[in-house]
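Each of the next two complexes has subunit A plus one other chain: subunit B in the first, subunit C in the second.
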Partner chain A sequence: MFWYVIRRLVFAAFLVFAVSSASLIVARLAPGDYAVGAMGLNATPEAMRELRARLGLDRPIAEQYVDWLSRAVRFDFGRSLANGRPVIELIAESAANTAILAATALFLATLIGLPLGVFSGSKPRGVVPAAVRTASLFLLSMPPLLTSLFLVFFAARTGWFPIAGMSSIGGGFLDLLQHMVVPVGALTLPLIAMFERLQSQATSEVIDQPFVIATLARGVPRTRVLWRDALKAALRPIASVYGLVVGTLLSGSFAVEVITAWPGLGRLMLDALRARDVYLVAGCAAAASVFLAAGTLFSDLALVLVDPRASE
Partner chain B sequence: MASDEVPQLNKLPANNLAMSSYTAVIRRKFARKINVHDRFARTFDGSVFWPLSQLLTGHSRNLRGLLANALAVTCIGVACGRTPAPGGTGNATSTNVAAPARGGELLVSIRTEPQSFSRFAHADATTDLVNYLTQARLVRINRNTFEVEPWLAESWTRSADGSSYTVKLRPNVTFSDGHPFTSADVEFSLALAYDVKGGGPIIGEGLEVGGKPIKAVAPDPLTVVITFPAVYAPGMRIFDDLPIVPKHKLEAALKAGTFTEAWSLSASLTDIAGLGPFVISSYQPGQRLVFARNERYFRRDASGIQLPYLDRIILDIVPDQSAQMLRLEAGQSDMLADEVRQEDYSRLKRAADAGRVQLFDLGVSLAPDSFWFNLKAGAFAKDPRSGWIQRDELRRAISLAVDRKAYLDTVSLGAGVPVFGLVTPASRKWYSPEVPQTPHDPARARQLLASIGLTDRNGDGLLEDARGTPARFSISTQKGRTAFERGAVVIRDELKKIGVTVDVVLLEGNALVGRLASGQGYDAALFQLGVTDPEPATQLALWLSSGPFHVWNSGAKTPTPWEKQIDDLMARQISTLDEAERQRLFVEVQKIFAEHLPILNFAAPTIFAATSSRVANLTPSVVRPQFLWAADTIAIKR
Partner chain C sequence: MSARRAGGAILVFTALATLGASVLAPHSIDARFAGLLNAPPTAIHVRDDAGNWRAPFIYPWKRVSQLEQQYEADRSAPIPLMWLTAGHLAQSSDDARAPLLLLGADSFGRDVFSRLLFGARLSLGLSLLAAVGALLIGGLAGGIAGYLGGTVDDAMMRASDFVLVLPAMYVALALRSMMPLQLPARTVFLLLTGIFAIIGSPFITRGVRAIVRTERTLDYAAAARSLGAGHVRVLTRHLLPATRGFMVVELTLLLPAFIVAEATLSYVGLGFPDTMASWGTMLQDASSISAFADFPWLLSPAAAMFIVVFALNLTLQRGSRGLHYERPM
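Right after this comes the complex of A and B.
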């Protein structure tokens, strides 16, 4: 188990290094740099050269990369070209905001999706399980972009929730909760559907297993068998994707955060990409890969806990 | 039942008080139910714009109605051309209230964060907006009339030779931190604009005359003598672009070489002082900027009330334009910082008809969509198309082949006017009907193409040159800008009719600008050249062959004879003080331009802007920021 964790940690470190390096290099090589966007068509070549020199964009890419890497290992990811703020500071602010969304979405999805899956998986027939399955399929087929657009539209037409942003001026916890409804809804609904579908299929397979039939034959109540014995055995598919879901959510969702004006990591990354803010792009990519690696590790560990054979 | 009727339930006779409380509770409950029902009714029975929502709610009748409305609007648009009065401001009447009251806050949606709090350090749109709110200038160009108004400069006199100005500053003006404003601040701000450690590349170039800086000396605290390196006809107008910043706050940072960090987003807000109507009171990264009234602002209205009227302006950062629109419609914001998209017009019109928003038709844009070929010398040296791709005849043929009305109807959804040059009717002073207008004549276009050897040689309906190279080129334009994307498709379809093949290349913003600025990697481009002031002297970067904005042939080392002619005319145009002569010279420039067509313009869209119905005393402008350029006089209805 120890070596297993070490192996996964080494892989995680490599993932972070590779993703952030690649994103820096790709953002740097992409046509049109930050100076072009900042100065526009109206700038003289001299002014453009001056700005590039000031920002260090005129240096060879290898030199720029080595310099960035030597600082990145000390957790100094440089400063944003656009606004001069330290990248680490910008990421910390945005990641905290994204984490609020991600944690809430995950909590709600687990709380709703898992029981729904057990319920629909244990009842192959019936109107209600069929309705749950249909709703899940519908939600699964809706990309988060569309879900968030629909929820934003719903909020606009009803006036029940704020359409965009994270808080009102001077707003407290309740205000934050109100602002969270739309983005959390957009993230949670497809997740509920995914968890429901996975858990439903796993449950329907497990309840036909001999050990479940034997337990029932011993007179153990069906509800207890279902929610204690069968659930544990059916958790494997959820455990294997759970960490990935955590990682993906924490990395930020471009669509949801942009549409609902949530100041999270996804929106920060998108803005950085648009502006060719190379250091911020690399920083965001590093943060996203840290979350993804942590999620994968978490997923693997959860899988080992549910099924010890996975560590082999 | 409207929600505002509910309180009337309390207006019961005194002798019914015993029963009244019980009755009122019952009626209130009932009223609440009706109210909720009414909300739903308004929500789902009203005309719903978004077709998807109609499909989801099963209200296909509304969808059919929407489509019918859209068709009707299109037909009316096509039939009537929807041409606002040339040069007029459409329905851009300001919503003046009799006596605006102080107080209230304005919620504005902006799309991006500022990159700095200093206009000297960054030139992005939001930094510019922050600058409008927090800083002031010597003079202001009124964005409604485009006339110069005294601002911090109370008055000025021009020297006999026209090269210098003696400017009297407004007395008793203080910065928001209480420090008095003097001529030393003007002197400092101008020097800062040219300093490479200050505003160098950002502001300085726009303040040069003939490539040389303007000088200012301060003989006394309320007088500045400004000397231009040569006679400059627009004179003081140039200072609209120079924020006057506090010397006492920034001089030390400039000397220490830390000027760009001094007013960066990490700076302490208490360090930022200005002469504008507002001060930055809070900044929440990624969320909003809050501006509080500058209690020391120097302006008062006609009745002596100190401006600004508003207590606060809140700029909420909402990156998605559709979400911005929904917030406005839902009453969660008061305005968008910029104009609304053409495709949002019909829904806003309905909201305006219902009294939820105010919609302003601001007239035709100053900046038409511009299409140009890469005319840089040698750009096609090794290209088999070099014999014809940079020829005047090709551009003239395109101008004849593209149906401007079709372009207008598709790109601007009928709202706008066809144009034949860079100067649109919105530029009331400089637009001239004498400039030739190209008719839609595909037959003549084919003849012109034949004159440069482009004919259909193999009977496939497409043109080839003598070597068999197809008449084919690409148009690069910005991805995600729907108007450009639609425009490029119209040009492609129109040119296909005369046998010319066009490939549309959609590029991300920076990538496109990179190619256009370098003059490499593109055949032709469709883009908008951001004209914010109709004064030709402020557009020298475009007109002069040496100008960085001379997009079709940037940094031309060997200007063509007609480019040299324009250079000479513009040099005279900016140096003569006779306004009639200036107009005549600029018409000459436009005629030469129309003859050689280095840039083709097909249509100028109508600009629309919207606010919530509670905003008053607006002076909307056709240029950005449509309302907030005059933020000090905006009020909230009481």
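Right after this comes the complex of A and C.
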């Protein structure tokens, strides 16, 4: 178990290193650079050269990369070219915003989707389970891009919820919650459907197993068997999918952030890419891969806890 | 079972509409009606105000407010439809003044319905090609890894694990931004297809490897080998065909992911140029919130996407075994 965790950690560190390096180099190799975008079309070549020299963009790629790397191991990821603030500060802010969205969505989806799945999986017949299944299939066909468009449309039409940004000026906690309804809803709805379907299938497979029938035969109430014994045995698919869900949440929250103007990591990276803000791009990619690596690690551990055979 | 049929029917219908776009669409993708910016859909009537039945006709839109772009039907001048003329199924008989706008017009005064049909060609074509590409890459890599085993297997599995845990959308963004922002549509098409195929392939690689590894030890593979079949022949003629069922399921899972990925990239302006019609570039037109709150027909590409993905999910319902619900994008 110990070595298993160590191995996963090394892999995660390598992942973060590779992703951030690659994106720095990619962003640097891309045609056009920050100076061109920042100074506009009527800049003189001298002014442009001067700006590049000041920002260190005129050095060869290899030198720039080695320099960046030697500072990155000391957790200094450089400064944003656009506004001079340290990259790590900008990223910490927006990563926290993305994490708020993703964590709330994951929590809500587990809280709602899991019980629904146990419910619909344990009852093959009936109107309500069938309705749950149909609703899931419906929502499953709506990735966050679509749910956020439809929810924003709904919110704009009814005026019930704010549709853009994270807070109004001078707004408190309640204001934040109101602003979260649309983006969190957009991320959560497809996830609920996914969890419901997975848990439903797992449950319906488990309740036919001999140990469940044996427990029932000994007179343990059906509800208790279902929600204690069968649920425990049916957690495996969900546990193993959690890590991938972090990935889908990241991609999904990108679309949601762009549409609902939520100031998260996705928006930051998009703006950085457009401005060719190379250090910021590398930082964003690194942050995204930290999220993912943490997610996979977390889900692998959860899987080992649920099913010890998985650490083999 | 009937749900699967319904899903299949929707898919066939979509495919036909996409292929027949040039006949079904009343207009081309860049025909602009300057007086009809954001005009609502024109309803087709068969009964006029006097209560008489007549051949299908439409009422032309009359602009009531230029500022708020509000329109009113001019009920005094019904315009009959023309059928099967000039290579189009249906068109208004006075196209310049009162065009047939089944799903309204966008902010440039272009026909949303026509753009939706032509956009399907780009969006669905790209997704299909990328999915087939991912299947080819994954099938080949997984087949080789599973067949050879040992160090090759380890190395390839590490590589696919690595691609698997990459933040897919961010990678696509970074790779796409490596190219100039404005690119000809053909280049964008090839570029996106390539990026999607690579990002989508590791799931296939893993699945194919697992299948090939078990199939390799079965009697029929041993029989083929002892009859003198070479490695390539055993792999391509005997082992890979065993992955057919898996591949079909994967195809229906990758397609929705790619459709949405194209739409997302085009929506943020890193996909197709906005002169082209794809479902993503059409949504971009709706990207200002005040626009699509007032002109909901601009969301029709989103509705189309939902219908296609829903149909794919319906056809998949029985075939899926648990884990495969969500794909990277």
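Note that in this section the second predicted complex is superposed on the first by the 304 of 312 C-alpha atoms of A that agree within 3 Å, B and C clash if a C-alpha of one lies under 4 Å from a C-alpha of the other, contacts with A are read in each partner's own complex, and residues count from 1 in each chain.
The working rule: a residue touches a chain if its C-beta (ideal position, glycine included) is under 8 Å from a C-beta of that chain, and two chains touch if they have at least 3 such contacts.
Note that this is a predicted model, so its numbers are computed, not measured.
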{"item": "Partners on subunit A (subunit B, subunit C) - clash or fit", "value": "clash"}
{"item": "Contacts of A:Val258 with subunit B and subunit C, given as first, second, both or neither", "value": "both"}
{"item": "Touched partner set for A:Ile163, first subunit B, second subunit C, both or neither", "value": "both"}
{"item": "Touching partner for A:Phe150 - first (subunit B), second (subunit C), both, neither", "value": "both"}
{"item": "Contacts of A:Glu50 with subunit B and subunit C, given as first, second, both or neither", "value": "first"}
{"item": "Touched partner set for A:Leu268, first subunit B, second subunit C, both or neither", "value": "first"}
{"item": "Touching partner for A:Ala82 - first (subunit B), second (subunit C), both, neither", "value": "first"}
{"item": "First, second, both or neither for A:Gly117, with subunit B first and subunit C second", "value": "neither"}
{"item": "Touching partner for A:Leu137 - first (subunit B), second (subunit C), both, neither", "value": "second"}
{"item": "Region of subunit B that runs into subunit C when the structures are aligned on their shared chain, from 74-82, 254-262 or 362-370", "value": "74-82"}
{"item": "Doubly contacted subunit A residues - partners subunit C and subunit B", "value": "30-32, 146, 149-150, 152-153, 156-157, 163-164, 258-259, 274"}
{"item": "Residues on subunit A engaged by subunit C in the complex (per definition of touch)", "value": "11, 15, 18-19, 22-23, 26-27, 29-32, 137-138, 140-143, 145-146, 149-150, 152-153, 156-157, 163-164, 194, 197-198, 201-202, 237, 240-241, 243-245, 247-248, 250-251, 254-255, 258-259, 266, 269-270, 273-274, 281, 284-285, 288-289, 291-293, 296"}
{"item": "Subunit B residues within the subunit A interface of the complex", "value": "39-40, 43-44, 48, 50, 52-53, 56, 109, 112-116, 122-124, 196, 200-201, 205, 260-261, 264-266, 282, 284-288, 290, 314, 316-320, 322-324, 326-327, 329-332, 507-517, 521, 527, 529, 541, 548-549, 551, 555"}
{"item": "Residues of subunit A defined as touching subunit B within the complex", "value": "30-34, 36-48, 50-51, 82-85, 90, 93-94, 97, 146, 149-150, 152-153, 155-159, 162-167, 169, 258-261, 263-264, 267-268, 271, 274-276"}
{"item": "Subunit A partner contacts - residues on subunit C that touch it in the complex", "value": "161-162, 165-171, 173-175, 177-181, 256, 260, 263-264, 267-268, 270, 283, 286-287, 289-290, 292-293, 296, 299, 302, 305-306, 309-310, 312-314, 317, 321-323, 325-329"}
